[in-house]
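Chain nomenclature is as follows: A, B, C and D, assigned in order of appearance, with residue numbering initiated at 1 for each chain independently.
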Amino acid sequence: MPHTARPAQKSFEPRNPDWEATVRGSFARQTVMTLIGAEMGALAPGHCEIRLPFRADLTQQNGYFHAGITATIVDSAGGYSGLTLMPAGSDVLTVEFKLNLLAPADGDYLVAEGQVLKTGRNLVISRGEVYAIRNGHATHCATMQQTLMTMHAKKEK
Amino acid sequence: MPHTARPAQKSFEPRNPDWEATVRGSFARQTVMTLIGAEMGALAPGHCEIRLPFRADLTQQNGYFHAGITATIVDSAGGYSGLTLMPAGSDVLTVEFKLNLLAPADGDYLVAEGQVLKTGRNLVISRGEVYAIRNGHATHCATMQQTLMTMHAKKEK
Amino acid sequence: MPHTARPAQKSFEPRNPDWEATVRGSFARQTVMTLIGAEMGALAPGHCEIRLPFRADLTQQNGYFHAGITATIVDSAGGYSGLTLMPAGSDVLTVEFKLNLLAPADGDYLVAEGQVLKTGRNLVISRGEVYAIRNGHATHCATMQQTLMTMHAKKEK
Amino acid sequence: MPHTARPAQKSFEPRNPDWEATVRGSFARQTVMTLIGAEMGALAPGHCEIRLPFRADLTQQNGYFHAGITATIVDSAGGYSGLTLMPAGSDVLTVEFKLNLLAPADGDYLVAEGQVLKTGRNLVISRGEVYAIRNGHATHCATMQQTLMTMHAKKEK
């Protein structure tokens, strides 16, 4: 095995011309994002970032961001990375995700990045990474693997 | 294979005589639980329940509890089921969890149950179930598998 | 919270009158089961067991069953627990699974049990347990959470 | 959020001067690798590749590599990526892994790559990718997230 096998890099073509408005509109309806103070950042086909400033009311027993809060933003980042590629009129549903916590989520803010790995007719597989930023230095604090389902609009079923 | 093999049912002996005060004290320091309105319920060696009443500011785009909020309470329920069995002075850390969402988390309140499956010197494996309760009827809406680490007190290392 | 919320116990109705022949026929075409010496055991709607006698050529570096072999039988047990409930003519595909290894898979044989938790139109969620049996004593050595997809027959799409 | 936060790229320093002989020796004792015909390929600190040629006795009901066989090689690739970084005299144990199947494992051979994400005193977190190669073209067919435990040698405990 002289060198590592690699697939061609995928680029993703959105099927919904209004993908960005669709995703930002859906995010705005996630009331929990307002509660915790999360903001949507960069958005591209197959990619989504969510940023969350530190607040003392988002923590676990040692004063770090609670793992469930980390999960909240990375689940949405992964889900919306998928929604960028779904047909107009459809919605996204998380089937499952698995989150490894690599380091304490201790920082001035967190950045969660969702990235689509694979799209199918009904299922989308994505990955998420979470970084804790302190004084401009990023610590990789969590990594996620996620399965999403496309909820097709009634008319196109 | 005439019948199903079954291991003897495990019962768990706490090693920390103050396990209940330890767990309830730690829960009280998880500020995010106050933010979302979660309450600790039944607690027993190897078992922990957390209850979360519905609020309109805890939802995703369709008005159900956000998967991250479901994750927040079941991660803590699983983690505290483990802490009931850890030595005095130690703390619990989530290494990873995997959550399958079985049905929309749509109810008057959620109940998350954490249950220890296996304890080792450093690691504890637990399971979590989440039920959405509407008019007294429970829907099983999520199931979790989780790995926890015991953070031993300095003195006993 | 005076007592634990519990959903009504589910019983599963097969939609394929030939579910047992379908499942046993599919298992017989999994050539890897013959290679490793696995046998299908008890089968019921939503439930499947697979048994694997110890062989010295199935091990990892310490002489226990390799985790991948444990995964092989529990993935099939979970998958076939799902196939018992799928429509005639459809096939089952594993979307993903997560396996926690609880104890060394050290025994005279392994028994893997798959059990459906939830069925939907396209997806089935199941759980798996693996026991290592030594002199009639069972050790719970692995637990799995799994997502399956129904591959519908062409005609019913 | 003008640009994506990224941690510095990690490079891994092995603590065992004989890491390569240790890993290749351990692989040689995994009898199941001989049974299925798997070979260890490239090895570097924090990285391990395993290659598996197609054989008709490694398949599921449709003639593709069985998901458990995919799991077998990627679990070992991930585990050995971790063992390259563990102290002399220690052994590696898989705590858990989660595998998403992205495409049928249909090819002339499979290549599984394990890569360490994070090392700690007792735990190592790794990722695995599996590619199916057909006529030199690689299809990304599975992705894994894994938690490993270092089994320290008795003397250094």
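In the analysis below, a residue touches a chain if its C-beta (ideal position, glycine included) is under 8 Å from a C-beta of that chain, and two chains touch if they have at least 3 such contacts.
All of these numbers come straight from a predicted model, not from anything done at the bench.
Ranked by distance of CA centroids from subunit C, the top chain is A.
Interface comparison, A-B versus B-C: the higher number of contacting C-beta pairs is recorded for A-B.
Each chain gets a centre from the mean of its Cα atoms; for subunit B and subunit C, those two points are 26 Å apart.
Residue positions 95-96, 98, 100, 145, 147 of subunit A each touch two or more of the other chains.
Against subunit C, in their complex, subunit D makes its touches with residues 26-27, 29-32, 34-36, 56-62, 66-69, 71-73, 75-76, 91, 93-101.
For subunit C in complex with subunit B, the residues that touch the partner chain are 1, 4-7, 39, 41-42, 49, 51, 98, 100, 102-103, 111, 113, 117-118, 125, 127, 131, 133, 138-140, 143, 145, 147.
Across the complex, subunit A meets subunit C through its residues 95-96, 98, 122-123, 145, 147, 149.
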